[in-house]
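Each chain carries a letter (A, B, C and D) given by its place in the written order, and its residues are counted from 1.
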Amino acid sequence: MIQSFLSYLHSNVTPGEAGSLPWVVIYVLLVFLGISVGVIFMNWFERKVMAHMQVRLGPMRVGPMGLLQPVADAIKLLLKEDLAPTGADKLVFWFAPIWVVMTAFCSFIVVPFGRTHAITDMNIGVLFMLGVSSLGVLGVIMAGWASNSAYPLLGSLRSGAQMVSYEIAMGMSVISAIMMTSMATGTGTLSMIGIVQAQLQQHRWFVFSFFPLGLIAMGVFSIAMVAETNRAPFDLPEAESELVAGFMTEYSGFRWSLFFLAEYTAMFGVSSIATTLWLGGWLRPFPNLLAGPNWELAFSLVPGLSVIVLGALCLFRYTRMPRIREMRPEAVGLAVFGAMLGLLGLVQLLPGVRERVQDIFWFTLKVFFFMYLYVWYRTTFPRYRFDQLMKIGWKVLLPISIGVVIATALIAVRQELFALVWR
Amino acid sequence: MVEELKQVHGEAILKAESYLGQNYLVVDRSVCHQVIERLRNQFGYTSLTDISAVHYPKDELPFEMFWILYSMAKEDRVRIKTRFAEADEVPSITDLWVGANWLEREVYDMFGLRFAGHPDLRRILMPDEWTGHPLRKDYGAEQQDQAWVQKNLGIESGQ
Amino acid sequence: MKDEPFYEPLEEVEPGHTFLDSTELTLNMGPQHPSTHGVLRVVLKLDGEKVNGLECIIGYLHRGIEKIAENRTWVQFGPFVDRFDYTAAVSNSLGYCLAVEKLLQVEVPKRGQYLRVILTELCRLASHQLWLGTHVLDIGAVTPLFYAFRDRETILNIFEGYCGARLTNHAFRIGGCRWDAYEGFSQEVTKVCNDLMPKIDEYADLITGNRIWKQRTKGVGRISGEDCIAYAITGPVLRGSGVRWDVRKAQPYCSYGDFEFDIPIGAAGDTFDRYLVRLEEMRQSIRIIRQALEGLPEGPVIARVPKVIKPPAGEAYCAIEAPKGELGYFVVSDGTAQPYRVRVRPPSFINLQALEKMAKGGLVADVVAIIGTLDIVLGEVDR
Amino acid sequence: MKVGELLKKIFLVDLFKGLAVTFRHQHPEHVVTEQYPLERPKIAPRFRGMPRLLKNPDGSDRCTACGACVLACPEDLIKVGSVRDEKTKKKVLTTFDFDLGRCLFCGLCEEACPPECLDFTTEFEMGLYSREGTVLNRQQLEDGVQRKEFKK
């Protein structure tokens, strides 16, 4: 039992493939925890970035640099009264947020954080992810319907129409990426891990293949995914200036926070699809060009070192803080936080750990690039109107993505085509 | 202009004067709508500025309505005033300016003057069931519809 | 407080009955709603997202200020007028003072007039910035609000320095200005004007060119010039529809005739045009302020008025161009120290009437955009 | 449509322009937040804040209990109590109540005060937990408020 448990450590596959149930459970818990921490961090990150773009400071008071603000908010939300409207369908009302969270987390079953860091590797991974993440709309519609109120209903109707329409453009752009996987080997794959490995074999990320086709496909996907997750400028289902809070209007306290969790998890989910498909997933920069043991070592040190630098920054800020009584908890908190980061960084420099961690580091970095885009869009753009949103989905993104699919296919089979023509 | 109006309406134009450089016409209630219409259509006073009333409780006809019209071509304002008793109905000018709608509703709300031919004469600022018309001189500054407040707000008094 | 709840008992809701039984959805927007700019309540009749009809229900902020006027002296009513349009308190104050000065037949000294012009134009800038921020926020862009408020703050600082309050200033007194400019006033105003010009271009960079903004505003809430006049609309909304009319030009008050400025007009009369008109008005305001600062004469700022103001019996109407439109005061005096009647012509109140016409047939999102573009302040609508 | 405009539209130039503006503003030097109460705003000397009754430098009452402020106040919230001194035949101030809860901070009372004794200070922190405390008596008005200092 223990033998088989430990033997997984030496294997080179995901726990799902290895069939090791205890490790699957551990991975599930780790992913759940990691995503939850990620959501909390993302909350802080979004508020901070938005604040600075809006010439404000953002959260500053709870914890060092306001880092604990989301935690404080979460506690507040848990303690808040849980209200349900009088005419609500109680069962559905209760179930809707759980459903949304469930589907959002389910999609992470196949997300590869590294070569071995996925719960399992499915041969239909991308399909599974798209399918599961689109189930979330069901929860939104349930929430809107069960609230028995006008704003949530309108919000959920919008959400239903919007998510269904953008799914198609999304799927089309995914197809073009999948076609690219068959370039070198001749056989395509839908497995998330397979897609990243295909990028490794072809010596380029799919964004850059068939330039600019890959870029366009990623552009279409990255627009559609914003709409898919109901974020600005496509945040019509929860447009606060029109529908108050859309489908979440009647929710409060813990259930509201579940929606919040689900929204950010879904954002992570679609961003990981985009990262995997076009930005080379867990691959470090230039895995083929800068190969060799020295480069290998240098790149594997980056995650640990960057965490240490972060910790050092915190300690530096601590030394710059004024020594007064009111600021002491904050200062001590910052120092402890910095020390913890430094320790974490040191741990990541250990030989056994650093090879395993670096995949996750690169993956997370790429995902946060998309997260930053999300925040950036949100601060900059006004909101689309419903009919315009539909127009963009059906009349702009869909034709472009279909065009990209056709163009990719034509280029992929160009030799055969030429042969056909010249014969 | 005044001569022309006097020719048409005769005695109904009671006064046509200017005070502090501002022209005003005092007309009889019976002709105020015609006068306003004539000013609008013949003399170019195409814009409506304001409608309101003043309450003189001691006078025989206690309510004085006034309309302020403006001519963009002449860059000139004119005020038409007329006196009413409470029971009298004022002709509505919503057929000339759609925008008179709310202004007349406000006069109805504040003074209780009824407008003949107004499409939708309801209270506008005060609650629909409120009793009393606040801008009348006999309505106290701290007076309120106690029954309404108790019924709808669930408090003893709004003060 | 009574023990039982004052709302309808719950049993009256039939079990299984929902509002969905009807084909038309009645949506109650407000009085508590993020984008009705206060306590406006709009009842929308919706067919899906389409607005089939709507009705404004106002009066939630009714404080009876016109009634209060009849129970105060002329001087004491001064601070109350700030509470009409609290985003442009200086303009309100100016209108009231001009009306009473007309009754008193008092001429304000030139320096006082110029100071008034500077402050009212600053107030127009502040009001337009508030409008810009909230209007853009209604349409979904969060950031311009903060930029607009950051710049508005500098103007409020000038108000604070000049008259000691930031929002409800009570800046002017009957007869002129209470205070002369403080030390460093003209430098600060010049600095604000110089800083503001590039900021307005920055708003334009962020918003004007943006395709989403254009799609959301072009052709939305269209109203023709004739309709505007029929609805008695004034101010930037009227000018957005192509009618070149501004009280400052038509009937110059407070020595506005001394300054050179243009009246921007729109062509299509839609939300986008009104946006451009207001942006241009901000530039013109800066132009006026610069001229007024240059030509600021020396001398007293307040005319000699008696301590207890008793205007001779009579009545006068005085209108100014407030940021929202024509703000008029009709004052009736019976010769005592108390006003007999003070009637305000509130531009927001009258402009709001057109909401029904402009929003009918549009979508829910357009209603929000149109409420924003009408630039209403509920303090003025409800009084 | 001109080619240039079309290209601009295809390459989303307008959107990138907006993105550039928000990106630029991220620099910390643009931050305008004022970290109250660690940082206190600059208050103009003319600011109309907490009212105060000034005394003469020698500690005697400057207020002559004339009641000009009572007459000037639009909200009628000032109550002045006085007794007539037997010897000098002058009014002497006994009580002075100022209801902050209804105050408009219009400054009319300050302007009306003949001995310039009523003064609006630059103190703006007047928040209270109950309505009872809004009525200031003479002692409070003469003492002014003691401010709690915070440092950054």
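Operating definition for what follows: contacts are C-beta pairs under 8 Å (C-beta built on N, C-alpha and C of every residue); 3 or more make two chains touch, one makes a residue touch a chain.
All values reported here derive from a predicted model rather than from experimental measurement.
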A-D compared against B-C, more contacting pairs: B-C
Most distant chain from chain C by Cα centroid: A
Centre-of-Cα separation between chain D and chain A, whole angstrom: 49
Chain centre separation (chain B, chain C; CA means) in Å: 24
Centroid distance [mean C-alpha coordinates] between chain D and chain B, Å: 40
Distance between chain centroids, defined by C-alpha means - chain A, chain C (Å): 45
Per-residue overlap in chain A, given as positions that touch at least 2 other chains: 53-56, 379-381
Chain D residues counted as touching two or more neighbouring chains: 15, 18, 21-22, 25, 32
Sequence positions of chain B contacting 2 or more other chains: none
Full enumeration of touching chain pairs: A-C, A-D, B-C, C-D
Residues of chain C touching chain A in the complex: 10, 13, 17-20, 25-28, 33-35, 46, 48-49, 136-143, 145-147, 150, 206-207, 210, 212-213, 215-216, 363-366, 368
Residues on chain A engaged by chain C in the complex (per definition of touch): 50, 53-56, 86-87, 148, 150-151, 153-154, 157-158, 232-233, 235-236, 239-244, 378-388
Touching residues on chain A, where the partner in the complex is chain D: 49, 52-57, 60, 322, 324, 326, 376, 379-381
Chain D to chain C touching residues, read off their complex: 9, 14-15, 17-18, 20-22, 25, 32, 43-48, 72-74, 104-108, 111, 120
Of chain D, residues touching chain A in the complex: 15, 18-19, 21-23, 25-28, 30-33, 35, 38, 150-152
